[in-house]
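After this come two complexes, each holding chain A, first together with chain B and then together with chain C.
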Partner chain A sequence: MRILRTALFMIVAAATSLATAESTTDASDIVRRANLAYYYAGADGRAEARMKIVDAQGRTQLRQFTMLRRDQSQGGNQDMLVFFSRPSDVRGTVFRVVRQPGNEDDRWLYLPGLDLVKRISAGDKRTSFVGSDFFYEDVSGRDPNADRHTLLETTDKFYVLTSIPKDSESVEFASYQSWINRETLLPEKVEFTNSKGQLYRQMEVLKTDSIQGYPVVLQAKISNLARGTSTLMQMRGIRFDLGLPEGIFSERSLRTPPTQWLRKK
Partner chain B sequence: METNQLQAAEAKTIKHRVVELALNRPKTVYAVILLMVMVCTAMMPLLTIDTDPENMLSIDDPARVFHNQVKREFAMHDMVVVGAVSNTDQGIYNPKSLQALAKLSSQIQNLDGVISTDQMALNTVDNISQESSGTIRFQWLMKHAPTTQQQSDTVRNAVSRLPLLQNTLVSDDGRAAAIYVPVESKEYSYQLAEQIRMMIPKLYSSDEYHITGLPVAEDQFGVEMFVQMGIAAPMAGLAIFLLMWLFFRSIPLVIGPMIVAMATVLIVMGLLIGMGFTVHIMSSMIAIFLMPIAVVDSTHILSEFADRYKPGDDAKAVITKVVEHLFTPMLYTSITSAVGFFSLMLTPIPPVKIFGAFIGFGIFLAFLLTIFFIPAYISRMKPESLASMQAAIHRMEGEGRLNRWLPILGRLSIRGRKFVLLCFSGLLAVSIVGVTKIEINDNPVNWFKGDHEIRIADRVLNEHFAGTYDAWLVLKTSEQAGKEQFLQKAKPIIEHAKNKGIDLTPLLLTSGLLTDEQQTDFESWLQVLSTNIDDQLFDADDDEALWLEELLNFTDQVREQRRLFLKPDVLQWMTGLQNYLIESGLVGKVNALPDVVKTVNRELLSGNESDFKLPANANGVAQALLQYQSSHRPQDLWHFVTPDYRSSLMWLQLTSGDNQHMSQVIALVDSYIRQHPLPAGLEQNWAGKAYLNVIWQDAMVSGMLDSLLSSFAVVFLMMVVLFRSLKYGILAMLPLTFTITFIYGLIGWVGKDYDMPIAVLSALTLGLSVDFAIHFLERFREFHKQFGSVTEALQAMYEEPGRAITRNAIVIAAGFTPLLLAPLVPYITVGVFLASIMAASALTTLMLLPALLAFGQKEKAQKVRI
Partner chain C sequence: MNFLKPALLVTLASISFATVANDDWSDENWGEETSSPWQWNGFIETSYGRRLQNDPAINQDKTLSEIRGRVELEYQAESWRIDLKADGIYDDLLHRSDVQTRAANITFSPLDTLDIKAGRQVLTWGTGDYLFLNDLFPKDWQSFFSGRDDEYLKASSDSVKASWFADSFSVDLVWTPRFTPDHTLNGDRFSYFSPTAGKNSAKHLNPDESAGSSWSGRLSTSHNSIEYALYGYLGHWTTPVGINNKGRMTYPELNVWGASVRMPVGQGLFNSEVAWYGSREDTDGSNPKIANSQIRWLAGYEQEIGTNLTAAVQYYLEWTQDYDRLKSNTFFSEYEQDEYRQLLTLRLTKLTHQQKLTWSLFSFWSWTDKDAYLKPSISWRINDQWTVSTGANLFYGENRYSFFGQHKNNTNTWLRVRWNY
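Up next is the complex of A and B:
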């Protein structure tokens, strides 16, 4: 859903609104806009992702998947499908998510090897996404209203914000600081600090581009500094506003993937 | 003959020069010794203690190298284990106990030096469960400690469904729970354990808390060893001092040997530390071993001096005579003792090598210090103190017990020689039987006394849990198919593509992107290859894509085939072994990959026990594990399998760290593999601390035997050369042969495990027993020459020479009684056996040798009479 993290210059869109964004000083507003830019670009979208997970010993694992997303409303509920293609023994594994910001997400799982569709109970969103350093929440998006945001400074290029969780019980961090690009509104760096005051986790955007007028992240890396592990996510085949039919975001697509929309071209 | 005389003359001049130098320039002698002591003592603050039993194996020992490789590959950390035991009826699953446990666990996670993300406790691990609606749920097992009994029971039910946690995190009987604290470095573990101990009272829990784990034991041992060295060694010195005073009744006279002993110990320890060696349990005993040896030579000199000196004599003249007289026997006893210890360098155990080398060196040093320092020291004593010492000794000797008992012992041994020989032969036979009963067994936790808190914790936790001792059975793929074979098989695809005008070969030349290590690693090469194909595929046109996909599919297939530990039949084999080991009763628990797969599979399917099984195919296994990794702790999977799924670790929990226990488990696994061969392409190997213990103890036993046999041979040769007689050479070897057999026979009969301190005692026995024999035989030959009769010569032996030997034996034996008060078992062992060794070798020398000498004599005499 890096796809989703790609930005739409939202509802108002257009370069003209950039001027307003630039001058914004209200932290919550910045985060709200960044969230839209990152996770709600276009009305729908597809992307192919490849995750390279590197452990502390330098051993690597690969995860490859294709994501389809359709927004039910801007900044609101979203339908998502994640189709795994590699490693080859997990090929055909599918996640289906109905994301409901401010509420529990609905999640389903299809495992072809066990020929099994299973509903996953919405639990903690800060668990690993298929063994990577990304959390489920990093992929699907964190509810902007879950944290209190403060604007620390505005540099030439970035809004620098610090955020503190409203419910510290539900997360492993004490706070995080983000650098949000003033022009694209994409967060380009996020640093997480634990209760001991140590920086233990960070997200960096390594490559961005503009696709169909939307600024998008092509490469991002999350590092777990405490464990010495990291995951690089590369995005390709990004397209927006495909007109994905609502019907494909259903249980039927788990066993019978909508191949038409999964193809690159 | 001529050369012999020449050598004798030469030796005389050396002796002369030494004594002359000592007597004429005592201040120079003092200054040199003082300087050496000061320089070496100055290096002592550099001391580093080493208590890691792993160091019993050299750093490049294959077993140790493999163990550390396994630790790295499977991210196995050293663990401090904290256990809580509830003695209430409801056990540990009650709100109060669980709250205390959770609180402690969180506090421990915040300590520096703890790898908090890998900590294992009820509040840090994940649960996989079913929700009523048939959904699967991944969540913290106990994010918040329960406030009601009902919530506590929910935790109990959850744990009982998770085989990896049951009996590891909470005991089967539900009475005890554990926190496994992974430490960044073993060095902090004592400090951490102390910090955790401080936290426990503040929990106000009615549960008992125990702290154990090998790193804590090791670190704690180091701390106590340090205390031991600071207290027990000086105490032993003091005891020796008091005994010597009892014998010689002259404080100034006794101070001399004490200075020699102190200087020897300080110089040797200072050098050891200064040369950068760590102080291991073995080297911490150097002081204790060196002190008696250093005192022995001086005691011989003092004993003879006290006998020869009459008031009014010229002390210098007497001491010159005494040193000249004792020079050769002392030199030989020093060489033979040193040989015994140097032979330890033949063992493959580094701490024992260092121990042997430095004691060997210390013995020579003590010899040099004795012959330089003692004459200088005595010659500078006031005539009055010499006179009063003389008076005291004569007073004591007149009524001394030694004086009364030794001649009686002599008469008994000579007259009852047949009986003595019979007794000794009988004892020897019994001892040999005892030697065959020796059990080789060591366990670093047993280095603490039975009532030490570490031992108690060890006992309690092993009573409740599956075991706190780890052995790792590692299954690895033996590399078969490599790059060449892959390229061979990929050829048809490449050629087909070529015919269509598509060149795939550049893709296969990916080596340029790899580091040297990766190039040789087929797995990395395959990974890079598939990534590159995938990249190229992205921009390829339809024609090219067709062939790229063909090649990619082939690569994927090959990679799937290589992931052996996703195959159900391999996992099934592991399950079989797990069950076999548990049924044997020798293994508390086996944690392995099949448990992970089955648990996830059960929850994915229905949550019912009937679904606790392996998926039917490898893809099912891979997909179940992908779900396992979507938890808070995805890294836990890599303790059981490597990310390439080509090696897997089975973690065996044992309730004891005895190497015999471990050896039985190894034999068990071997027998299972004989009956059920390993799945194709796999080989097995062992790692883990319990296994390393077996390795170094095997090395110790065979090493000690080599060292004992070789030093025995060398000492025998030296004896033949010293006495220029085969007969005397053999005689000289008898006391030590008997003593060693007797001591090890005793160990066998008593049932004391043969451990490291016991093993090195053979060297000490060899050195000290032969000392007594040399002095005895050397003096006997002199008396024999003097009196012309064996019986008379033997009787004379029970005067001054007998007293010197007995005094030495008593000083050393009793001098080490403070060791019996030590908190650490190896020191106690050394104390007890030193006393036995001294008693046995003194008695053997004073009874067996005379009996044998007299035995031969009588027959000759009778023949002459006839």
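Up next is the complex of A and C:
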């Protein structure tokens, strides 16, 4: 009887927590869970990515790289490695980050021509990632606690939120509005407004999929409407829970990339 | 060898056109390369540089005039890798063609915790920016002073590097069977101060190369975002700071022991490095033909001070040991550097236009030598294929013999155009 009662209790508890998840209206909680869905799927992951960077005159550039990620804790610190393969002048360049939400990240850049491991000082996370319209923060994730979030409305498909930075000096936007898919918790559109109230930057998700049960973004585009530039990012070869060893997230991998984990399985 | 120039160009150009990326942005077409173990790419570059003034010591306005084709080939197997990098060069200044192998090495891991890289390779460690204390691997100062790409500041050596990775630290050991010195200024492109002549000379220098091997080691670890390292070196001075029994310039024996630390401080990065240069053939500093021992110390700080704008400063000290003995024995007392040679460097880097334009200024300033060296440059990455860069190497000095001051008449400006394939 005792076992039965425990089992029953667990079922009820599970059902209750599910119900809360379904009907959550706490904006910060939605953002927290969206952050986990977008940046913390699985305990680790690998993905190939490429970016098409289009300038205001329509001229394009390409960046292609493979990313490895390992979470030290869900929603907490993360180790990341970004291995560039194209174009040829950045081939072999590796970017290493220890992401520390709420703190400055540790960052290194390996330049193969000089065999140089250059440590990079903590920088503005809202500057371009490798010349694209993606900011560092768009690639690695923005600390959910950096902004105050308000739920504007809940549509059939989306939670619509508006977010205002706690420290407006540190960012270029005054606010942003995001459309977070209620089912997958992936943000599918984000619109940034400047202090003049103008919409000047937007992120749109163009394609999603489910991989190993995790909803993932396969294509996203960030447009800088003020400058007329845009960057399309496409992902492929995504795998989660590979069991990436902690040891590969070190200086060793900059000089000797861990081929075993970079290759598509 | 002159036939090489057109042949190389035509070959490279024709190959390159075939490999211009087929950028169909449909889901399937990601380009070829990720599945093949072979990778290859490279560039073609033309460079031109000239003096901004006359140099009476050298009958040559040009400081750089060359066309260079680079081929890089990589073969990546499951557990080992081969890297080949070679430059075909036509040098219009020295009127010669040449093929220079920059890298030809194999990397493999005989143990889970051990990486070996053997063959010709470029090696770098230490924390300085354009200042090298514990990094005794060969440098190419001719490239640095003439405006070639930064990559060429580091010359390659034929070495074996073993890296062992324990849980909390790592050990690197490099053995270079044949000592490889720096490519120092030898009069071909740039004049240098000759103490015997008492003025600048462009006579071709050809120091005697010491036989024997060199060993470099590093023990490194990090804790709470702070990186620590210990270094050791057994070999020779990498510049010709000695005169041998035959009266020729040479590279005396040298041991170096040092340490470094690098860590975030405030919004930026702090680094410090120290090195003891033990001049083995002149341990008491009394031999005027061999450089004295030195203690070298560096402290630096880097911070982003604006959007896409980074500033970095370094303080550097070269403390010559047994200075009194040096002064009383030297042949050229008036030309000796200060007991405490000190300098400051400043680097400013600004990126604009979607990071396509890089504005850079690096400067050395020494108040003990009363000289300075400025390296301004602008690099425009037009697209993924083309990059155009221009800059200058500007030397100032009160004295004609000081480290940078002797190069006043080598002050030059340069332009490079590179096409990547």
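In this section, the second predicted complex is superposed on the first by the 245 of 265 C-alpha atoms of A that agree within 3 Å, B and C clash if a C-alpha of one lies under 4 Å from a C-alpha of the other, contacts with A are read in each partner's own complex, and residues count from 1 in each chain.
The rule we apply is simple: a residue touches a chain if its C-beta (ideal position, glycine included) is under 8 Å from a C-beta of that chain, and two chains touch if they have at least 3 such contacts.
Values in this document were obtained by computation on a predicted structure and should not be read as measured data.
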Fit or clash between chain C and chain B when superposed on chain A: clash
Determine, under the contact definition given at the top, whether A:Thr93 touches first (chain B), second (chain C), both, or neither. first
Report for A:Gln260: first if it touches chain B alone, second if chain C alone, otherwise both or neither. second
Name the contact category of A:Tyr136: first (chain B only), second (chain C only), both, or neither. first
Which partner does A:Lys196 contact after superposing on A: first (chain B), second (chain C), both, neither? first
I'd like to know which partner A:Ser128 touches here: chain B for first, chain C for second, both or neither. both
Have a look at where A:Glu251 lands relative to chain B and chain C in the superposition and call it first, second, both or neither. second
Mind working out whether A:Glu104 is in touch with chain B, chain C, both or neither, as first, second, both or neither? second
Which superposed partner A:Gly113 touches (first chain B, second chain C, both, neither): both
Let me test your reading of the model: by the given contact rule, A:Leu232 touches which partner, first (chain B), second (chain C), both or neither? second
Which of 23-31, 239-247 or 329-337 in chain C clashes with chain B after superposition? 23-31
Chain A residues contacted in one complex by chain B, in the other by chain C: 50, 52, 55, 59-62, 64, 86-89, 91, 113-114, 116, 119-121, 123-124, 127-128, 130-132, 229, 236, 264
Along chain B, where are the residues that touch chain A in the complex? 72-73, 75, 110, 116-117, 126, 131, 133-140, 143, 524, 527, 530-531, 534, 538, 556-557, 559-560, 563, 566, 601, 604-605, 615, 617-624, 626-627, 629-632, 634-635, 637-638, 642-644
Contact set on chain C toward chain A in their complex: 21, 23, 25, 27, 30-31, 33-35, 39, 41-43, 72, 76, 78-79, 81, 107, 109, 115, 117, 121-125, 149-151, 153-154, 163, 165, 167, 170, 220, 225, 227, 262, 264, 267-269, 271, 302-304, 307-308, 310, 354-356, 381, 383-385, 387, 420-421
Chain A to chain C touching residues, read off their complex: 48, 50, 52-53, 55, 59-62, 64, 85-89, 91, 98, 104, 106, 113-117, 119-124, 127-128, 130-132, 229, 232, 234, 236, 247, 250-252, 255-256, 259-260, 264
Okay, in this complex, where on chain A does chain B touch? 50, 52, 55-57, 59-62, 64, 84, 86-91, 93, 109, 111-114, 116, 118-121, 123-124, 126-132, 136, 169, 195-196, 226-227, 229, 236-237, 264
